[in-house]
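Next, two complexes with subunit A in common: one pairs it with subunit B, the other with subunit C.
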Partner chain A sequence: MFKAVINAETLRDAMEAVSSLVDEVKFSITEKGLEIKAVDPANVAMVSLKIGADAFEYFKTTPLEIGVDLVRLNDVLSMADRGENVQLELDEENHKLRIGVGSLSYTLSLIDPTAIRKEPRIPDLDLPAHVTLPGGELRRAIKAAEKVSDHVILGVSDDEFYMEAKGDIDSLRLKIPSTELLGLKPGEARSLFSLDYLEDMSKSLGKAQEVTLEMGIDYPLRVNFKVGQAIEVNYLLAPRIEQE
Partner chain B sequence: MLPYLRIASVLEEASSEDRSHKVKLAVGLLQETPAEDLPKAVRLLTGALWPPWEGLDMRAGPEVVLSALREISSVELPEALGRAGVGEAAEAALRRRSQRPISSEPLDILTVYEGLRHFARQKGEGSERRKVAILKGLFLEATPREARYISRMAVGGLSMGIGPRTVLSALSQALKLKEEIVLKAYRLVPDLGLAAQVLIKGERISFEPPRPVRPMIITQREERPEGLYLIRHRGLRVQAHLVGSRLHIYSQRMRDLTPAMGFLSKSLEKLGCDLALEGELLCIQEEKLLDRAEVVRYVNRRHLSRRSSILPALDAQDILYLDGRSLLGMPYQERLDLLTSVLGEAREVPSPGAFTTYYRYLTCRKEIEEYYWHSLISGLGGLIYRDPKAPYSPGAVSKVDHYLAPLHGRFLRR
Partner chain C sequence: MAAMALTAPLKWTERYRPRALKDVLGNNKAVSELDAWARAWEEGKPVTRASVLYGPPGSGKTSAAQALGNQFGWDYVEMNASDSRTAGAINSIAGPAALSRTFSGKRRLVVLDEADNLHGNADRGGASAMLKLIKNSCQPVLLIANDYYGLDRAIRENAKGIQFRSIRSPTIVSGLRGICQDQGIQCDPEALELIAGRAGGDLRSAINDLQAAAEGSTELSLEDVATAERDNRLSIFQALEKVFRGNSSIEALRTSYDLDESPEDLIHWIDENLPAAYTQEDLARAFNILSRADIFLGRVRIRQNYGLWRYASFLMTGGVQASRRGRRPSYVAFRPPSLWRRMGQTKKARNIRDSAAGKVARHLHVSKGYARMELMWFVGDLIKSKKLGPRIAAELDLNTDEIAVLMGSNPTTKKVQAIFEESQVLKEKEQTEDIEFGWRGSRLPTQSSSQSLSQTLSPSPTQSSSQSLSQSASPSPSKPSTRERRRSVEDRVDNNSENIGDNVDKETDGDKKREKKSQSETSQGGKRQKSLFDF
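Up next, the complex of A and B:
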């Protein structure tokens, strides 16, 4: 059994954070809330999302897992107006999710959760450097880097966070000293990342007030931020290999 | 779980070996594969990742493979490439990677099998982007040698020389089963992966519509014995399976042709029984019978065929299954009588819908010759001789039934 009511915009923002990387996901629903963990088909990025039960206007469930096509769910959610609530109810017998938006009622066919790619085993990563900055600022930097290259170096040196993008002709360097950051835990960090993925992630993280980046040397990048008060998003992005 | 590298090694070694050595290599591989993974191992060895009637298609050209490789490798790749070159290109590209995966575990056969099936299922808007991502995911975990075979499968051209005969011999040795049992399974369950599954589980090997059987092979001969003579039209030989009011039509290569068969479906679905028929698929337009090329064109248009003014018809020549009972071992005359009781008396061609074939029992050679020449002069494809006592032998060459038709485009001497 699963029955819930949530603000349409909250759910839309949460789903957008996931659908920027994957199309099909498994919702793990417990009395604590709804959780998603998914790896993108290319095995380069991973997303975890938690919507706590208190983010819902109404939430009642037994522990269960359902497979959802996010492209279709987002289509339905796009019909909701600002401030409108969405009713979700699981029809277990017919493997469908009933979605009520105002006077509209949709039924969404569910995917067999066992057919969805399992999240890989990620080793515990102790990423030495942590940087916290406003989401909007990070998004602007990613957009700027995209204009000169398709990959970017993110790093921390001394007391500053830096970003370098080198194209065939142009290059870009951004430096933010610790005094202008919301937080900095200094450590050795320098890794190269694909801007395609960062751009996909930036659509959601750009709306967050605070985004924390955790980095190392040639290590994956971990990005943590919150959507609203009760939705936690966590991205993990594998590095590219720097060529000699 | 068997590592995919083991399959890639066998495929590499087999490419330069003769058949007996290929069998030996395949036996070695199948013997070390856990029983539950054996059907997948068989599929990855042959490159046939699903039964032909499942309707899946890789639908990918070399450019999809090249796009995936460009995103993960720093090797300069050619702008364009033929299907034959993708394996080597992938192998070279993976020797200089430019992207790490989020996690890295050796590829096992399940990951490759599921990944390639997922790849084939992508269709519609954005499917090329998704295909590139899926392939990239497999390449990121692959060794250069594994990438060679994954890329070849992605473009639908494994062509490594591990064909059904080699795999059947290997299955027989690996499972310690007589070759005729393995062959029987493959004839009644005409997909190597499914046949392997049936053999491993020790299930009864039986004909279970809507799964097709391998068609009996009817060759061309000059004999004119006493027996049943059917007209051979210029259509496509098909199997029509009706199970639970749902029709499935399969080509001789067991491709599912059902989407093109709107009119025929209506005609058969009202019969209210479960059955499997074999016959010739014909196409009629303005009361005229169209030639074979038109029939092929019609079925290839699939869903669009429903809008066409062409009406499909089934000249049913045999019944292989009726309401839970396999009729394969029954003499042909009895099968024909059953067919008539289900579909009614023979109808004149062209006539839309499904109907019993028109047949004559002929005894003297002169009569047979005249009937044969009449069929040729009428623009038909000759005759089919069917022995009234003969059973239906799936996948085997019939020792008695045969075609009477002009050899190599020439007319036979009177």
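Up next, the complex of A and C:
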């Protein structure tokens, strides 16, 4: 049994954070809320997302797992207006999710959860440097780097966060001193990342008030932020290998 | 996406995949080469970033790749034929996988399965994306292919080739025995040998056969296996053997069902090899029957009634066999149809002939077929005359090859060259006159260009109607079935050969023809204008 009501925009933003990396995911639903863990087809980026039960207007469930095609779900959610609520109800017999949006009522066919890629084990990394900044600012930086190259170095030195993009002809450097950051925990950090992935992630982290980046030297990047008030999103991105 | 998902009722071929390289059955040499390559990666930069595992189906290539990833604890990213493998897809999945570190810090094995099986349009640009991938990868890449030479040469040169061979039958038996033990099935050794023998070195199909015969039971006897036979495709040579040297017409017909050839291809094979197999009256009778099969094939083409194929098939297999009264032929070395080879060889010559016929036909408002059959010699004779030759060549816009074909001569001979050059001179003159006319027209005070244009085009409506009339009324030879058939063979040969591009306008090609016609109309219109102007 699973029955829930949630604000349409909240759910839409949450799904967008996941669907930028994967198309099909498994929802793990318990009394505590809804959880998604997924890894992209290239095993380079992971996302984990938790929607706590208190983020829902109404939430009642038994522990269960369902497989969802996010492209279809997003299609349905795009029909909802800003303030509207969506009702979700699982039809266990027919493997369908009933979605009510205003006066519309959809039935969404579910995917066999065993046919979806196994949930990744999200590694527990201890990353030395932490940087907190507004999502919009990070998004702008990523956009700027994209004009120059397809990969970018993120790092921390002394008390500033920096970003370097080197293309074939042009290069770009961005520095943000700690005074202009929302928070900085200095540490040794410098890693190369693919901008394709950062760009995909920036779609939803750009809306966040504050985004925390955790970095190391040639180590994965962890990005923590919140969608709305209660939804925690966590990205993990493997670094690129620097070529000679 | 990347196929790693396992569904609930597990196939034994998946369940018993080897977990480590030492568990891979057979192919010890290939496995140790693979192991050495992987160790080189572990220790630093190997000689080649990529390896190609190639060999027949079921010889353990994919299993070895998975075992390798498992044994070294490497991350594993796979793309196979169920993924789209356009340049874009490869660059967005295999690309980042090959250029990024893993979360664990170990290596990541990037596997492109069925790398020789890129599908034309659906996988556009896939091959060059693969090449880029294996050249730039920072992680070990494995390409898996059945046909080593189906891969681009550049890919082969940038990767280490590791060959897998069919697995020997005793090895397959030992593998099957292990599965039976694990499943708690009492098995008859002879039954396993039968399965292994039938598999023909394909371990995967052997395991599938075993599962089909034994799953759910506790015992496997010879009878359980004997009933479950594989649906094998016959080779054309086996089929010909049955037709020419067998004793049952029905059986000969059945072989044609198990064959991956259409009756239209099969008849050429039989036609080619019949004289080698039969003699004297047998041969005459068999050819007679074969000609009747051919008539049915013709009717299939005309009426598009493929139900008639059954009669054609029976006549060309069972019928040919039944017409043998003499003794059974001894060994026959079957040959592929020489017709196909000849069509391939003469393709260029036929194209020249057809384009010449096309030009004659367009000018005389007859069909290309008619021009080719009835008018070519006549035009050829005209060209041979010193006075007319160059003018005709210019009028028809013939090139040296076409002139040579019409004259029955060689394009390099002086005579042909002379006619061609003279015709070029004539054409040039015509062009200058055209320009002069245009200049005259522009002397008119207003609307000069539009007027000259309308003048040029004015005779065309009557022109086109008369042309289409004459064309529809043009006599067409009344032997449709053989013509049709020949055309089908020509088409096929043309399509098979690489350069379809130089296949000059085909008779059936409506659009092209119309386009050409309209071109010729305007140019003819232009000429007519000139003669008016001459008054």
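Here, the second predicted complex is superposed on the first by the 241 of 244 C-alpha atoms of A that agree within 3 Å, B and C clash if a C-alpha of one lies under 4 Å from a C-alpha of the other, contacts with A are read in each partner's own complex, and residues count from 1 in each chain.
Here is the rule we use: contacts are C-beta pairs under 8 Å (C-beta built on N, C-alpha and C of every residue); 3 or more make two chains touch, one makes a residue touch a chain.
Since we're looking at a predicted model, the values are computed, not measured.
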item	value
Clash-or-fit label for the pair subunit B, subunit C on subunit A	clash
Subunit B versus subunit C as contact partner of A:E65, first or second or both or neither	neither
Partner chain in contact with A:E31 - subunit B first, subunit C second, else both or neither	neither
First (subunit B), second (subunit C), both or neither touched by A:I241	both
Touched partner set for A:D23, first subunit B, second subunit C, both or neither	both
First (subunit B), second (subunit C), both or neither touched by A:D112	second
Which superposed partner A:P123 touches (first subunit B, second subunit C, both, neither)	both
Partner chain in contact with A:Y197 - subunit B first, subunit C second, else both or neither	second
Part of subunit B, among the options 271-279, 289-297, 307-315 or 343-351, whose backbone runs into subunit C after overlay	289-297
Intersection of subunit A interface sets (partners subunit B, subunit C)	23, 41-44, 46, 117, 123, 194, 220, 236, 238-241, 243
Complex contacts: residues of subunit C adjacent to subunit A	1-2, 4-8, 75-77, 92-97, 99-104, 108, 136, 138-139
List of subunit A residues in touch with subunit B within their complex	23, 39-46, 117, 120-123, 194, 220, 236-241, 243
Residues of subunit B defined as touching subunit A within the complex	71, 74, 97-103, 105, 114, 118, 130, 132-134, 136-137, 140-141
Partner subunit C, residues of subunit A touching it in the complex	22-24, 41-44, 46, 112, 114-118, 123, 125, 194, 196-197, 218, 220, 236, 238-241, 243
